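So that you can tell them apart, the chains are marked A, B, C and D in the order they are listed, and the count of residues begins at 1 in each.
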Amino acid sequence: MIFSSDNWAGAHPIIAESLVKASTGFASAYGTSDLDRKVEKKLSEVFEHDVAVFFVGTGTAANSLALASANKPGGHIFCHREAHVNVDECGAPEFFSHGARMAPVDSENGRMDPAKLEAEIKRFPPGFVHGGQPMAITMTQATEAGTVYGVDEIDAISSIARHYHLPLHMDGARFANALVTLGVTPAEMTWKRGVELLSFGGTKNGCWCAEALILFNPARAAEMHYLRKRSAQLFSKSRFIAAQFDAYLENDLWLDLAKHSNGMAERLAKGIEASTSARLAWPSGSNELFVILKKTVAETLQKDGAVFYDWPVPHQLASSVTADEGLYRLVTSFATTDADVDAFLKRL
Amino acid sequence: MIFSSDNWAGAHPIIAESLVKASTGFASAYGTSDLDRKVEKKLSEVFEHDVAVFFVGTGTAANSLALASANKPGGHIFCHREAHVNVDECGAPEFFSHGARMAPVDSENGRMDPAKLEAEIKRFPPGFVHGGQPMAITMTQATEAGTVYGVDEIDAISSIARHYHLPLHMDGARFANALVTLGVTPAEMTWKRGVELLSFGGTKNGCWCAEALILFNPARAAEMHYLRKRSAQLFSKSRFIAAQFDAYLENDLWLDLAKHSNGMAERLAKGIEASTSARLAWPSGSNELFVILKKTVAETLQKDGAVFYDWPVPHQLASSVTADEGLYRLVTSFATTDADVDAFLKRL
Amino acid sequence: MIFSSDNWAGAHPIIAESLVKASTGFASAYGTSDLDRKVEKKLSEVFEHDVAVFFVGTGTAANSLALASANKPGGHIFCHREAHVNVDECGAPEFFSHGARMAPVDSENGRMDPAKLEAEIKRFPPGFVHGGQPMAITMTQATEAGTVYGVDEIDAISSIARHYHLPLHMDGARFANALVTLGVTPAEMTWKRGVELLSFGGTKNGCWCAEALILFNPARAAEMHYLRKRSAQLFSKSRFIAAQFDAYLENDLWLDLAKHSNGMAERLAKGIEASTSARLAWPSGSNELFVILKKTVAETLQKDGAVFYDWPVPHQLASSVTADEGLYRLVTSFATTDADVDAFLKRL
Amino acid sequence: MIFSSDNWAGAHPIIAESLVKASTGFASAYGTSDLDRKVEKKLSEVFEHDVAVFFVGTGTAANSLALASANKPGGHIFCHREAHVNVDECGAPEFFSHGARMAPVDSENGRMDPAKLEAEIKRFPPGFVHGGQPMAITMTQATEAGTVYGVDEIDAISSIARHYHLPLHMDGARFANALVTLGVTPAEMTWKRGVELLSFGGTKNGCWCAEALILFNPARAAEMHYLRKRSAQLFSKSRFIAAQFDAYLENDLWLDLAKHSNGMAERLAKGIEASTSARLAWPSGSNELFVILKKTVAETLQKDGAVFYDWPVPHQLASSVTADEGLYRLVTSFATTDADVDAFLKRL
């Protein structure tokens, strides 16, 4: 009954096996091996677009490098207030961008409200140096609230990005989870919508350590090679990431794993909705559920071995959560089983 | 006949196997799992000292974080001119330390000459703000020239560090190779000599991706947690590094692998010394050889499938290398075989 | 009728004269001249404390260096949302501190509410690396809203700073204006309250370019010399700043100038309160007034030659400002005359 | 007999007077006043080119901002080893450029040797990320050795800059001194030669504090406004710099002052050459002389009140300076008089 985070899971056997297979023999280092090239090519096929691929070690690295590539002095990066870049990266985007500032947009349920986003951007009119200048927009798909932007919602954000000449970055730590929910192609969720830079995450979805920064405009790749190396993210034995992605993308394993973890979340959601002691705080579109429970119920569950985190109650929910209730986050993963879910629901 | 670099090898089977074993089950993330703790404890035992351990993704990250922790405005970092931090990290130490400057010491054969080191430090007298201030000393063991500092030579460097109140960092990308050459304990090569920060490398010696920054003064660890996280080097599934180190340290595998690669280098060295068409540029103490060959010989070898790199001829060798000769680097690894070496020597 | 800003004024004649007097003769450079030393000593007397003084060129430099000296990776700097460091310095604090983040506290009328400040600090519990860590508190005196913290209010802030081991910085761009309003000594408004670092501004109060960063703990001065030099704020002919401060502090000129500009603001405030077409948005304690006017009235005044800025209406005022009204800022200075004020009031 | 530095002098009376004249009245702040505009226009006339002008507080700021505008990750800035940016700015160029590295070129007498410069650039071939990438070339005119690049020598440097697509910056801390020596126009010494960015110094030549960063390509100005503001170099009462430059440029005062200080250096040089106890280390082309004296003679002169600095003996001079001799730097300024020079020569 581990619902604490999808990164508490290890690696999927097929991915582990691919890594073992790649462990023998010699291969040129620093991202130049045949396997690196093969996976890069595969990603161009997956995205139906000529892409530049940069393997890195963490999602934070992918996000920070993407934002750093858009760097401007006195720059503001627009994001949802609860975005991982804003609350969970210990200032990495600021560090990588030499002090750009996160400009949080307050919107409900993890998705930036386009009107609020635009209002925030307008606070920094061109040429008024005192306040700094807009620099980039970043959105998370699936969001940190477990919700998913619809394609029209991505369009709304990207039309603002275009209007203000701001690059649009997508933090895809749970890209696959969103993709299978929307039922669209990778292209339809990214460059066809105007996304320019993508943090393509494999780690939360069954890899050990496989993250790729994907540039839909390969012309921007020349500088990125130096940005990545300078930030200590160019791996000598880069094929250990390539091998994971190789298996991840083969035979749509990545989509199957995402379907599985989303399915586990759905099963959990149904059980919760059917129960009298719990309810969903808002509908989920991925493998993360936010659940309102009586605090005593939560404690009992945790004592019984269920692992999940307390979560701060957002303003908009304040009036609908009573004093003896709490908000909790439950995350499923490729490794979650029906038995895990059912054991939890039974105790509930 | 791959002698290009030890990072062209993959992972040793025991390490790959350990990783597979660790791939199942749930474990808490971000370096807090039982396996992380176990390996940290093991490293304290290996070093006979209470150490703080920070797993990171690359040697460049370990080096840069070590130096960043000593940060001073206008700071100078003293290193050998050929040090990896000075010539192969694309400005990562500068980036992590917000613009500290590398102060290269010109010395022969990869080892800093203590007198030259001290002369360089003296260029920045206390309180003279225009030139900046000394900040740290970093030495590589084994060096980039394949040589090894003796324990008395480490003492000489560290007594300068102490005298000028500078932290002493050791880049141990090839730590094990030096250790088995000297035949001393890890403690005797580090904190007993005055080394305060160590980049403990596993990648070049049989791991996929296993680097640890080791602090011999755990009191300095508090800030390092933030430095590491901020530079995107805290891995969610940190156990994938821990699992590699677990196998690496178990039953002295790491020492056996180093002995093997050093042995391969020795075998190669002996064959070269016995040949008429090649000679060693200087004696090696690790798994790297620098060899003077007729350019035509080198080209023939390369055509025959031997892979190794040309190397710039250092000043002190200029007069002893003729116009039709070149300098070449040969690196062995845990994966080098007698057959590889003998095939090379036979062609030579 | 120039009420746009106190930095639209030039320099007071006594200060200009002092500079001319200092223009002849030779003096050692980079802050080491007798005049530099004399003024530093004078400041220790003014503050009744042994202080370290760093002349710099702008208030932004003083603020940014103060904050940079408290630097921590992933650091958060707590300030009022409308603080100059947060809205008017184009990311300078972030740049100088290598990416620390401003953590704005929403409080009314320019003064941080201690409870809200503490709640904000508590969002970053020790050791939780993901969110970063508290690093410093900065308060502005007089505030950007023209108000002034009482000594007890400074105490409330500084007791929080002490509790969380955070250095307390005061942005004193309008230090003198606040001081004469409170009627306390410089010591009573700073180190006796727990302020550790002070940006002591002379520019807005009759100097051309005279700002000093004052450290009440001179032990912190050693690093600051390097921080200042590295940020290009060490002036070769430093005596041109010293000469301004020399005249500024002599015979309490600085206090007289502040009393004058505050008096002009009071005269303006009284006239506004007596009028039917204007009212104060909130009471002022310095030389800045925030005034609610009918937009048509404001436009007429501006057409008639009055110069002052529109100001965004803060949330808490939203309900008390009608659609045909606007908020405007009026700033007086040492150069404002009774005639200026009366001309404005007459037109009003 | 003050020959320590041209920044030990104060301000020329005409410049001081201009500043007093500008001290009255109101003027819009932050570089937008009529006087700012007037001086900017004047500079376009002086340079016979449409230029973007950025007033800053120090030469270090102008240099660092110029280099920061050319910023590249892992970037190398090529300069003479003795360049002010390399030895006297405490890491400011590194700080402003987020960790770019100075790549010193060893050449005699302050002027970079084009062949050595190119050899240094070639060390960083395109696309080889490990070593970083070339980013900018900076040259000082007049040089730190008191010499002056001829126009053909500037051409030689700038043709290398063009070939490698590197922006060429000129540190003109003693621009006027070089200009009057060459007897060319400002245009002929800068953009007509291929210089793109110029630090135009007034401080050493009779101003208090007047430095301007001049961009010959105004298209690069948009970002510079933010870079300058972010580094705390945008002065609120910017007219105090403008007023100095206004007088400086009027009626060729700047050229007259440079002719005077160069003339004083010449008078000094002639006397030294005529003496038996001193000789020039190399010929000067500006207001700086490097002189070889018996140490006992130097000490006697210093005891008698002459102020000048010891200087490290460069390698190329080592064999021609005896053990009882030393190298000394003598600098003249607008404030040096015939009497000063003659008093010194008499004692010599």
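Assume a residue touches a chain if its C-beta (ideal position, glycine included) is under 8 Å from a C-beta of that chain, and two chains touch if they have at least 3 such contacts.
The UniProt protein names, listed by chain, are A, B, C, D = L-threonine aldolase.
Everything quoted here is computed from the prediction, not taken from an experiment.
Enquirer: Of the pairs given as C-D, B-D or A-C, which one copies A-B, with over half of its contacts the same by residue number?
Expert: Selected from C-D, B-D or A-C as the counterpart of A-B: C-D.
Enquirer: By mean C-alpha coordinates, which chain is most distant from chain C (L-threonine aldolase)?
Expert: B
Enquirer: I'd like to verify one number: the distance from the centre of chain B (L-threonine aldolase) to the centre of chain D (L-threonine aldolase), where each centre is the average of its C-alpha atoms, in whole angstrom.
Expert: 42
Enquirer: Rounded to a whole Å, what is the gap between the Cα centroids of chain C (L-threonine aldolase) and chain D (L-threonine aldolase)?
Expert: Between these chains, centre-to-centre, one finds 34 Å.
Enquirer: How far is the middle of chain B (L-threonine aldolase) from the middle of chain C (L-threonine aldolase), if each middle is the mean of its Cα atoms, in Å?
Expert: 50
Enquirer: Can you list the chain A (L-threonine aldolase) residues in contact with two or more other chains?
Expert: Only 30, 73-74, 89-91, 95, 98-99, 129-130, 132, 226, 229-230, 234 qualify.
Enquirer: Does the chain-touch network form a line, ring, star, complete graph or other?
Expert: complete
Enquirer: Chain A (L-threonine aldolase) touches which residues of chain D (L-threonine aldolase) in the complex?
Expert: These residues of chain D (L-threonine aldolase) touch chain A (L-threonine aldolase): 30, 72-74, 98-99, 127, 129-130, 132-133, 223, 225-230, 234.
Enquirer: Under the stated contact criterion, what part of chain A (L-threonine aldolase) meets chain B (L-threonine aldolase) in this complex?
Expert: Residues 2, 4-5, 7-13, 15-17, 19-20, 22-30, 56-61, 64, 89-92, 95-96, 203-204, 208-209, 226, 229-237, 239-240, 307, 335 of chain A (L-threonine aldolase) touch chain B (L-threonine aldolase) in their complex.
Enquirer: In the complex of these two chains, what residues of chain D (L-threonine aldolase) are touching chain B (L-threonine aldolase)?
Expert: Those residues of chain D (L-threonine aldolase) that touch chain B (L-threonine aldolase) are 73-75, 87-91, 94-95, 97-102, 129-132.
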